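Several structures are given next for inspection.
The following pair of complexes shares a single chain, chain A, combined with chain B in the former and chain C in the latter.
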Partner chain A sequence: MFSTELVVQTVISGVMIGVLYALMALGITFIYSIMRMINWAMGEFYMIGSYLQYALVALLLGPDLWWLAIPISAAGVFAFGLVVQWSLLKPIFRKPPEARDDYATVVTLALLLLLRSLATGLAGPNQFSPGSNLPVVMVGPMPLAGARVAAFVFALGALALFYCLLRYSWYGLALRATSQSRIGVQTAGIDVQGVDRIAFGVGVALAGLAGALLAPVFLVYPTNGLITTVKGFEIVVIGGLGSIPGALIAGVLLGLIESLGAAFIDSAYQNIYGFALVLLILVLRPTGLFGERGREA
Partner chain B sequence: MEAALETIGLFKRFGGLLATNDVSLAVERGEIRGLIGPNGAGKTTLVNLVTGVHAPDTGEVKLGGQSLRGRGMHEIARLGLVRSFQVTRLFGNMTVRENLMTSFLARRDREAGDGAGQTEGMIELTRLGPLADTQAKKLSGGQRALLQMACGFVVPANCYVLDEPFAGINPVIKDAIIDMILDVNRRHRATFLVVSHEMAIIRRLCQQVTVMMEGRVAAQGTLDEVARLPEVIAGYLGKALE
Partner chain C sequence: MGISLGFLLAGTMVAGVLACGLPAQAQDVGIGLVVPLSPPGDPVGGQLIRRGAELGIETVNAAGGVLGGRKLKLYVEDSQGKPEAGVAAYRRLVSENKVAVVPGFFHSSVAIAANEVANEMGVPTMALQASAADITAKHYEVAFRTHVVDPVRVSAFMEFIKQKGFKRVSMIAETTDYGIGIADETIAQAKKAGGIEIQKVPFDRTVTDLTPQLLQIKAFKPDLVINIGVGQPLDLIIDQATTIGLLPNTPMLISYDAPVRPQYWKLHPQNGAGLYFIAYFSPKAPLSDIGTAFSKAYVEKYKEDPVYGALNGFGAIEIIAQAINAAKSTDPKALIKTLETGTFKSWPSNPVTFPRASGVYWHNWSAPVLILHYTKPMEDWKEAEVAVQYAPVAPKD
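What follows is the complex of A and B.
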């Protein structure tokens, strides 16, 4: 009935896109776990990453240096994230904790609209493609698009780096401690505003990285962050808000389900399969696979 | 001589409640001062004002003669003032060892290398060895309180403000905490302000106590002196202090 090759190829492409989705979800969950706020403008940081990648490849470095453009794009989004935290979010955190969620939601939604309109105003509603001159990669008998393989490899590297820094560095210890008690780390002499700034920068840089990596695949236009953001939030619901392993596992799971559904049921409903999984999780485990109920003091 | 910890005319109002009303006190270097008073007397508010959780409406806090006005919690902590909380503030998903390591985050450059040696020493001292790689949220209440104290003591500070360190803890762990306080006090001449309802422990630790009632300093002296004062007895609803 179905050839083994088709199944294997579908699984591989599902895992590959899932890891990219997981980058988005990781950014959302990481910012939430440190700052206890949702950044609704995540897709716009993805969008900025993709525009930076396009601009660098098309105008400055040329297509052969695409690999150099990727870290530069991600670093650009990181720097922009620092500015956003310093100028827009830090003032919110001087308010009492009860009001923060609401303020943060309004501020990041406003930022979403502003950045989208700016992109349309500056570059028009056009679609750009940085193209990719990467050759098709053969895995056994199966051809895989070079740009997708490159994106997958870069994303894996970024995830490994992120994990090692969080697990084994002093700054990682400060980040983990902040995620568990903001008061506690201040008594240890840590400036939480400084931690917030880095965390927000890193979180949005993960989105920017995904944008830069997927620019040749999903193209570059003002609302291109929408789909991946929706996927990011789906993953966060499946994996559990605030859980880093949850984001990774749910990311791959979502990629797999979409890919298998598209190949063996109907590719017209690709986005439905993920939502079905979200509904199933909400019924069976409302906190997500790895989420914890409530917050610890 | 300059007091190690001094508050000058602290006022703090929460809505209609005047939580601290002109609180002035001075603790000498190396002193262990008790802070007692009935529930709602403003003791925890005073601790929060001293450690920068709240800013006073008027008045000032000085640490070793240096004003803490306008400084945040983390800056005050870096100046060498460590506090403990009534409800423990540990990092629940991190291990006992990692919790201790966080104490070196801000101070590892200055004093103590990377803190690995001191951390192991403290694990041995507190006999938490078998639990060193256990998540803090899995500890018992007493073990958590002990760990919180250990986090404060693993890097010696100038000044400690301890809010109810003995509440709801078994006697063995109480003794361990008392020993740690006396040890740091003796070796580093660290200054302490200890809030507690446990009069036996206060008597053992503190030469001087300050009594707070309804937001003000009602009395100061040795525990036996203040226990005889009629207004103190009245404030404790007529119960003798024991």
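What follows is the complex of A and C.
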């Protein structure tokens, strides 16, 4: 049962899914770093990305132009994110600092329920698949759906692009400065609310991108973002809140642990292995693998 | 003046609240329906039952209602395929809507959980597409079912395995009462039959990447894979098994009738061919007169043929209406007595009864079980090849 081929196949499967989980986690951790709030409706932005991908491929562009639908879907989610930030989240910063977390939690949870209900109301509870005409690809001994390989490559590209923009552009510098001190950057003349808007848009666009990439692999339905969001939060805890390398490494680690646990320990408890890792990290290193202890006044 | 206006407003609000809270018009007879209408349940399965039940209500009311002119009113609740949501729905229907009977129940876990509460509250349930043994094996007075039970479904599996001469069988089963119930029953019947090696690979139904489980199955090199997922996992298993090359090289048997739904070919236009699946209704079998009329009305309304879920939803309402008339009451105890002793007309040509039979056959009626086979892509399920036809025989009490 423990053949080398099975082990290698399981490892490849775990790494592939881990990178895609990381994309989701990156969105969560990025929004938190800048805005200091948790977006509980992250899975619903993933869901919107998957519906946009389905609508574009099935109704407008056709399966051959699936690759064009992906950035359009992510851009659509980005634009929607800007609207949500401007209309629902901007008022957070008019509240006293101690009330901001409560406000953000209530608003994003309400948004979660609203968007999920809207999806059910507009598209029905059925599952959809945008389909894919990409052939099966052999990665070592592991046959993988072309759509899954494409999702993996796109996700790695998006992560690299995101890292470069954050590291080497002026706006990236502003974002990083805002994550260190919201008051400090205002003294340097940076429009923090503008930064918030872009950060929220980019964060949810990452979730939308994950949704669009995974639409042909994991299907499209109103609650399809739920499990990916849970994984995203697990990764944030494992990798450390606010850490981009942490999100990537923790994503791969989570994917590997789940795959290997399901294949070689007990397949019924696939979700439990990730939670066990979260608990272990919380006990041994509460700030996560790459997280830093926050400074408190 | 201010006080009067205040009183007027308050009075209006109280009246409004009371009006909203009223279960139905006094002469209406409330019927509850608990079905999954959103994930993680199987919303398509729930929707089909709902369509049938709604048409059943229309049919009964158009024919004059029950008890000399009282109309039936359907209250629909979404179980989401979750036991806790199903229990809350049952409680709401009984306490607030004062319904006489609660049919529905697509997911076994939901039916089992709701029956525990029903056993205390006394209003009967009727499981229309939930097959776990415990639903009727506990012999609760309130628990009725018009669906195939696990041992019968598995007997059909075994008949198929025997017919094809399979020796190594893998099961990928969700960790629910339905999935584990069927998997364990298959292991028991295979052991009894002898000569069959069985692999059981359980999975949590919230998991979307089932590749690790399917890789284990592929490594086992089975002659047959039994797909015991419900709703979205069932479809993910088909797609992911195709990717890793398990399908179409190894035959797959789907544990229920999801492939008869129009959605099946939309999700699996190519890799849906070659699969075997359980069905509970053959279009070649004759329908009763009310079943034929329902089928016609359904085609007119939905522009597609009714499948088993819709037929059973309709049948349940017809059975309940006949039971209310025969009992001359909506009192739960009188209804239970009538259901146990009466003979009812539903969608099939043969009559429906709910005897106090032994074991899982308690209060249970089910249609014959079929195993159908899609031999080509986009095949109409009515043209699918019948691989096995298995008629359950309930033991005498």
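To be clear about the criterion, the second predicted complex is superposed on the first by the 291 of 297 C-alpha atoms of A that agree within 3 Å, B and C clash if a C-alpha of one lies under 4 Å from a C-alpha of the other, contacts with A are read in each partner's own complex, and residues count from 1 in each chain.
Everything that follows uses one rule, which is that a contact is a pair of C-beta atoms (placed from the backbone, for glycine too) under 8 Å apart; a residue touches a chain by one contact, two chains touch by 3 or more.
All values reported here derive from a predicted model rather than from experimental measurement.
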Partner chain in contact with A:143 - chain B first, chain C second, else both or neither: second
First, second, both or neither for A:270, with chain B first and chain C second: second
Which of chain B and chain C A:244 touches, first, second, both or neither: neither
Partner chain in contact with A:186 - chain B first, chain C second, else both or neither: first
Which of chain B and chain C A:176 touches, first, second, both or neither: first
Partner chain(s) touched by A:127 [first = chain B, second = chain C, both, neither]: second
Which partner reaches more residues of chain A (counting touched residues only), chain B or chain C: C
Contacting residues of chain A [partner chain B, same complex]: 170, 173-174, 176-177, 180-181, 183-192, 296-297
Of chain C, residues touching chain A in the complex: 37-40, 43-44, 46-47, 175, 201-204, 206-209, 211-213, 215-216, 219, 232, 235-236, 239-240, 243-245, 263, 266-267, 269
Chain A to chain C touching residues, read off their complex: 1, 3, 5-6, 9-10, 13-14, 17, 120, 124-129, 131, 136, 142-145, 148, 217-219, 221-224, 226-228, 258-260, 262-263, 266-271
List of chain B residues in touch with chain A within their complex: 51, 53, 72-75, 77-78, 82-83, 85, 87, 89-94, 98, 101-103, 105-108, 137, 151
